[in-house]
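Chain IDs A, B, C and D follow the sequence of writing; residue 1 opens each chain.
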Amino acid sequence: MLDGDVFLLAIMKKRTGILTAGGDCPGLNAVIRAVVRRALADNNEILGIKNGWRGLVEGDVVPLTRASVTGILPRGGTILGTSRLNPLESTETLERVKQNWEKYGLNALIVVGGDGTLSAALDIWRDHKLPIIGIPKTIDNDVRGTDFTFGFDTAVGVVTDAVDRLHSTAESHHRVMVVEVMGRHTGWIAAFGGIAGGADVVLVPEHPFKLSRVCELLRHREEQGRAFSIVVVAEDAHPHPDEDFLGGELSEQLFRHDRLGGIGTVLAHEIEQCTGIETRVTKLGYVQRGGSPTPFDRVLATRLGVKAYEMVLAEQWGQMAALHGNKISSVSLEEAVSDLNRLDEEIYRVAEVFFG
Amino acid sequence: MLDGDVFLLAIMKKRTGILTAGGDCPGLNAVIRAVVRRALADNNEILGIKNGWRGLVEGDVVPLTRASVTGILPRGGTILGTSRLNPLESTETLERVKQNWEKYGLNALIVVGGDGTLSAALDIWRDHKLPIIGIPKTIDNDVRGTDFTFGFDTAVGVVTDAVDRLHSTAESHHRVMVVEVMGRHTGWIAAFGGIAGGADVVLVPEHPFKLSRVCELLRHREEQGRAFSIVVVAEDAHPHPDEDFLGGELSEQLFRHDRLGGIGTVLAHEIEQCTGIETRVTKLGYVQRGGSPTPFDRVLATRLGVKAYEMVLAEQWGQMAALHGNKISSVSLEEAVSDLNRLDEEIYRVAEVFFG
Amino acid sequence: MLDGDVFLLAIMKKRTGILTAGGDCPGLNAVIRAVVRRALADNNEILGIKNGWRGLVEGDVVPLTRASVTGILPRGGTILGTSRLNPLESTETLERVKQNWEKYGLNALIVVGGDGTLSAALDIWRDHKLPIIGIPKTIDNDVRGTDFTFGFDTAVGVVTDAVDRLHSTAESHHRVMVVEVMGRHTGWIAAFGGIAGGADVVLVPEHPFKLSRVCELLRHREEQGRAFSIVVVAEDAHPHPDEDFLGGELSEQLFRHDRLGGIGTVLAHEIEQCTGIETRVTKLGYVQRGGSPTPFDRVLATRLGVKAYEMVLAEQWGQMAALHGNKISSVSLEEAVSDLNRLDEEIYRVAEVFFG
Amino acid sequence: MLDGDVFLLAIMKKRTGILTAGGDCPGLNAVIRAVVRRALADNNEILGIKNGWRGLVEGDVVPLTRASVTGILPRGGTILGTSRLNPLESTETLERVKQNWEKYGLNALIVVGGDGTLSAALDIWRDHKLPIIGIPKTIDNDVRGTDFTFGFDTAVGVVTDAVDRLHSTAESHHRVMVVEVMGRHTGWIAAFGGIAGGADVVLVPEHPFKLSRVCELLRHREEQGRAFSIVVVAEDAHPHPDEDFLGGELSEQLFRHDRLGGIGTVLAHEIEQCTGIETRVTKLGYVQRGGSPTPFDRVLATRLGVKAYEMVLAEQWGQMAALHGNKISSVSLEEAVSDLNRLDEEIYRVAEVFFG
């Protein structure tokens, strides 16, 4: 923790805070490094706020120097830590945010987060006039107003590698491999991972599935003599309401008990029941949230970080840095948080070309 | 399928068969390529037998030329296919093996397989005098008589990559990550993957675990302020008989129902119950059996293939090619199949140094 | 080679040709597979033309079935081969193209290539009315009209991996590492690879460099106690005309003799001369053109392939499939080949933030 | 730097120093972590000596705690730094080593290094009775007395990945790719990388090559219609004395000027001259020394670190920890430094099976 007084020495410099909030996402360190290096180029200061909004509520901050960000570009995680604390959860937390903002002499705050975090950022800017710039961050790619979020390409890489490996199975009897992947309410990771890996079926929340049709496809593949079938299923995919998906009681129980079961396990069980084909599950879990960001994610995160700092200089409050085509631009947080960015229909239709 | 007659033209050349049997294992193609290239260097022939022993029973074979093996070195799977058919399962299958052996004019057979396959090979050599050379193959590293089997290093690589990625999780509240890995009856993959990835607990079949001690370790880590804990558990690890492992009925049910549950899922559930710490599962499944073999596995497989063919030339029947130190040598199949190669105690003690 | 007659049987189906031309580029197989699978979904035919335009001149073609494209998605290279033959190089070659087009009963041709190939495609469509659709392909990312070309992300991945590895050097005395990368006349690979890897200097053709300034930066880093410096230089980067770059005669000789020297080697020599700091070179060469395409490139290539076939159905001749934001759309070949797509200034300025 | 006095508090604990010296080598951090964790398990202390022997000469040390080694397992480089300073270079440096040994109250020293470093360690133990344990370290695998050194597998991985990528080149005219790799005086990296990658020619220092034979092989491959040829050449490979290798003056000049030329560049030039086939070079350079160690190297380094500390407890001075088969044991430093470990003949013969 820093005493506010020591900062008075540097009175003429801008001092901008940065915080990372929400779930893990490869590329956070790349963003932090870019913001710091861009600010240093103008001889300005960056104050790192620890553990998301919690650091601003509790006054847990650290000045970020060039040395702080040396070597962090290729590392997953975030040197600042994160939390899911919402600064608006009580008038007290909000009050503390304002007090600490004053105490640390912040000119602006860069908030790196997903849907929820950016919503809070928008409210604080709109209702309390604290000058904030956002940077979208989620492996799920479900934030509107940007073509892609960093972290997504890395998560897709993990899924693709798994599907690639499953493709090289050698056994001659047919088998079904179910791969359960992340993506919360959207099918981006499933669709991109499925297309990149060459999956035979991709199930996403945007298109509720019929088990009977899935089983038909898989049986057809077996009849055609294909060595195996790969089903990629998003964690939030679910059966079509028209269909009584769940055969047995155990399956029913597990479908509701996501920690013990999860859609992948249940689906594998159901597929085995309805097709008679041996079925195995791969559940990648948090592996998708970690690791060194891909070059795509590092470049995107770096560009967003540089841009966000330039938006601070340009005082574009209430906006976030975003990717459009091969340009980095700014969009209003209002647009960004207005709704989830659901899986593009064209992408889904591309995945569908390869079903069966 | 080939007609036996066409082979008479090449009467003076040695014609050796090769088959790959059992589960998938990266490096099989590297072995096949090495055997073929080594035989061609002496102007001899290699006959590929499709789908393990099944190809010899059913007469499904293909001559392997240089073109057949071009480009296969880095590929997972096996161009010959595999099966789990045991040639000794009936007198009829054995009879067919003998007939086809004659029909195709084989001088020798190279059998690439795990424990079960090599046992059958030994029996056929010992009891029926068909001249056979073995090559050990399993991702589980559980074959005796060789320092390592190819495929193992690749499987360890998959586990290590997953554990590495889990290590970069950024969230500030403590979490337990359970990673279930393969290895059948032995803990080689779990121990090597756990050591290489820096796991905090490694559970292997050779050392039945006490859940109470695991939970104690994890709680201790949380108290010490560690950001997370990683538990690597072999698919066949099991609780110590002294301890009533399973809390709930659902958990009990799943522990017995390996397709729906599996030790990883159940263990995560139990850990969450006893420690109160949020726990997540990663189940890698067949991903561990696939993909391009690592350089270590490719070199090992290639050396074993070259050696096996030289053992054919030297008529070392009933032996298998094996790695000892940095030399390739031969050992009797008898020794190789006498027992499982269980996890080395020194390795386990090394893993234990890092527990907690 | 196929006889034209056999095709008459399938008279009612569309028969579209596809060829891949120019330098190697990861993702070509993904394109071919996507085109074939999309056509098969409509029960149409795809004819593979071997070795670029050469196959159409010489009549070397192969029908592409589902089996032809099974398993090729993750593979570098192209199952069709390529060549640099220009169909317009003589009236004879052009005549043969027309004859074979007729002979094989083509309805349309999908041409996958870079700048030169797409120019030829445009001319043939414009001047000879053969209905052609283009797909841009180059690791250099220098084709206009699309945000990115497939292959580029894979090449950047190779460079980033190299720079990452150089970053972990441990020796305590300062050293300069020069990494020469591809990109022909543009700095895309250098800039993206440099940003993603965290290079300290990036030299691109779009910004002629001053050796004196590069050396100053490197000396400054050494004085600051940095453990090493990494310079990424595009193969076509060159000194600013204002500056007498080349110290010695040997260096001069090598700069002009690109096979023996190349800019990387010469630059390392010059840096060592002017700074006195030990300098080493890494020259990645054709490694950047090979390997399995990244998920980004596979998805892009797959989407472009599907789109290109749909453009055939829509008869959008003289157009190419392209990426804009997260949409695939079409642009005229005229626009695409009007000029090189040079490195974006914003990207270069981002790279510059991290110089020194 | 630490004051010797503060250490008196911990008088009853063993205090062992550790230093890493010589060139970069992935796995150094894994060794350091293992030594520290193993010592802590016995409540003993480890003192990190900075920058190889220099830290002991200059008194630059740091106590290593559990926190010091958290997260370093997967990282290349060494947290302690290295240098090439030889403690025996003067009586003064040796005297300072002895003084600092006393000042810091060392019970023992673990020296992690290659040939030269281990020689110095042996001399200091033998002639000056400072109790030392060695751990062999080099990417070159040229230390005797151990099956493998850590770092080697990682370096081979870099080479294999490069050769794999070159294999996917698609162009239809023949081309030769020369890949220059490290290994100092031995051909281990070239041979393993060449075998794992499927090189068509491998040139190592242990077997001086005839250019005429290399060109003959390459021309033969071209005549056979092979799409390309890959030559892996060790940096220290050289022409057979019977043969006037070098055609031109420039080539001659470059062969002697290793920084500007190097064997790879010169060889490519000569091959192009004598075969007329277009030839390209890849020079991997220091990329081979960096990056995250492979699982094999991490496990080996960890086991050696644990063993080395147990050798301290057992007072096996003048010995080094080593890998034999799948066991870690100890050998005398005398044996280890008696000679270089040259490339095994069996390995070379395996590589040769695939020539041409």
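By our rule, a residue touches a chain if its C-beta (ideal position, glycine included) is under 8 Å from a C-beta of that chain, and two chains touch if they have at least 3 such contacts.
Keep in mind it's a predicted model, so treat the numbers as computed, not measured.
Enquirer: Show which chains lie in contact with subunit C and also with subunit D.
Expert: Intersection of subunit C and subunit D contact lists gives nothing.
Enquirer: What whole-number Å value describes the gap between the mean CA coordinates of subunit B and subunit D?
Expert: Those two chain centres are 30 Å apart.
Enquirer: Based only on mean CA positions, could you tell me how far subunit A sits from subunit B in angstrom?
Expert: From the centre of subunit A to the centre of subunit B is 35 Å.
Enquirer: Taking each chain's centre as its mean C-alpha position, how far apart are subunit A and subunit D in Å?
Expert: Using C-alpha averages as centres, the distance is 39 Å.
Enquirer: At least two partner chains per residue is the criterion; list those residues in subunit A.
Expert: Residues 164, 167, 292.
Enquirer: Mapping chain-to-chain touches, which pattern fits: line, ring, star, complete or other?
Expert: Chain contacts: single closed ring, each chain with exactly two partners.
Enquirer: Identify every two-chain combination in which the chains touch.
Expert: Pairs flagged as touching, ordered by label: A-B, A-C, B-D, C-D.
Enquirer: Within the complex, which stretch of subunit A touches subunit B?
Expert: The touching residues are 20, 23-26, 28, 51-52, 54, 75-78, 81-84, 158, 161-162, 164-173, 177, 250-251, 253-254, 257, 259-261, 265-266, 268-269, 272, 279-292.
Enquirer: Once bound in the complex, which stretches of subunit B touch subunit D?
Expert: Residues 34, 37-38, 41, 71, 73-74, 147-148, 153, 156-157, 159-160, 164, 167, 192-193, 195-198, 292, 294-296, 298-299, 302-303, 306, 324-328, 344, 346-347, 350, 353-354.
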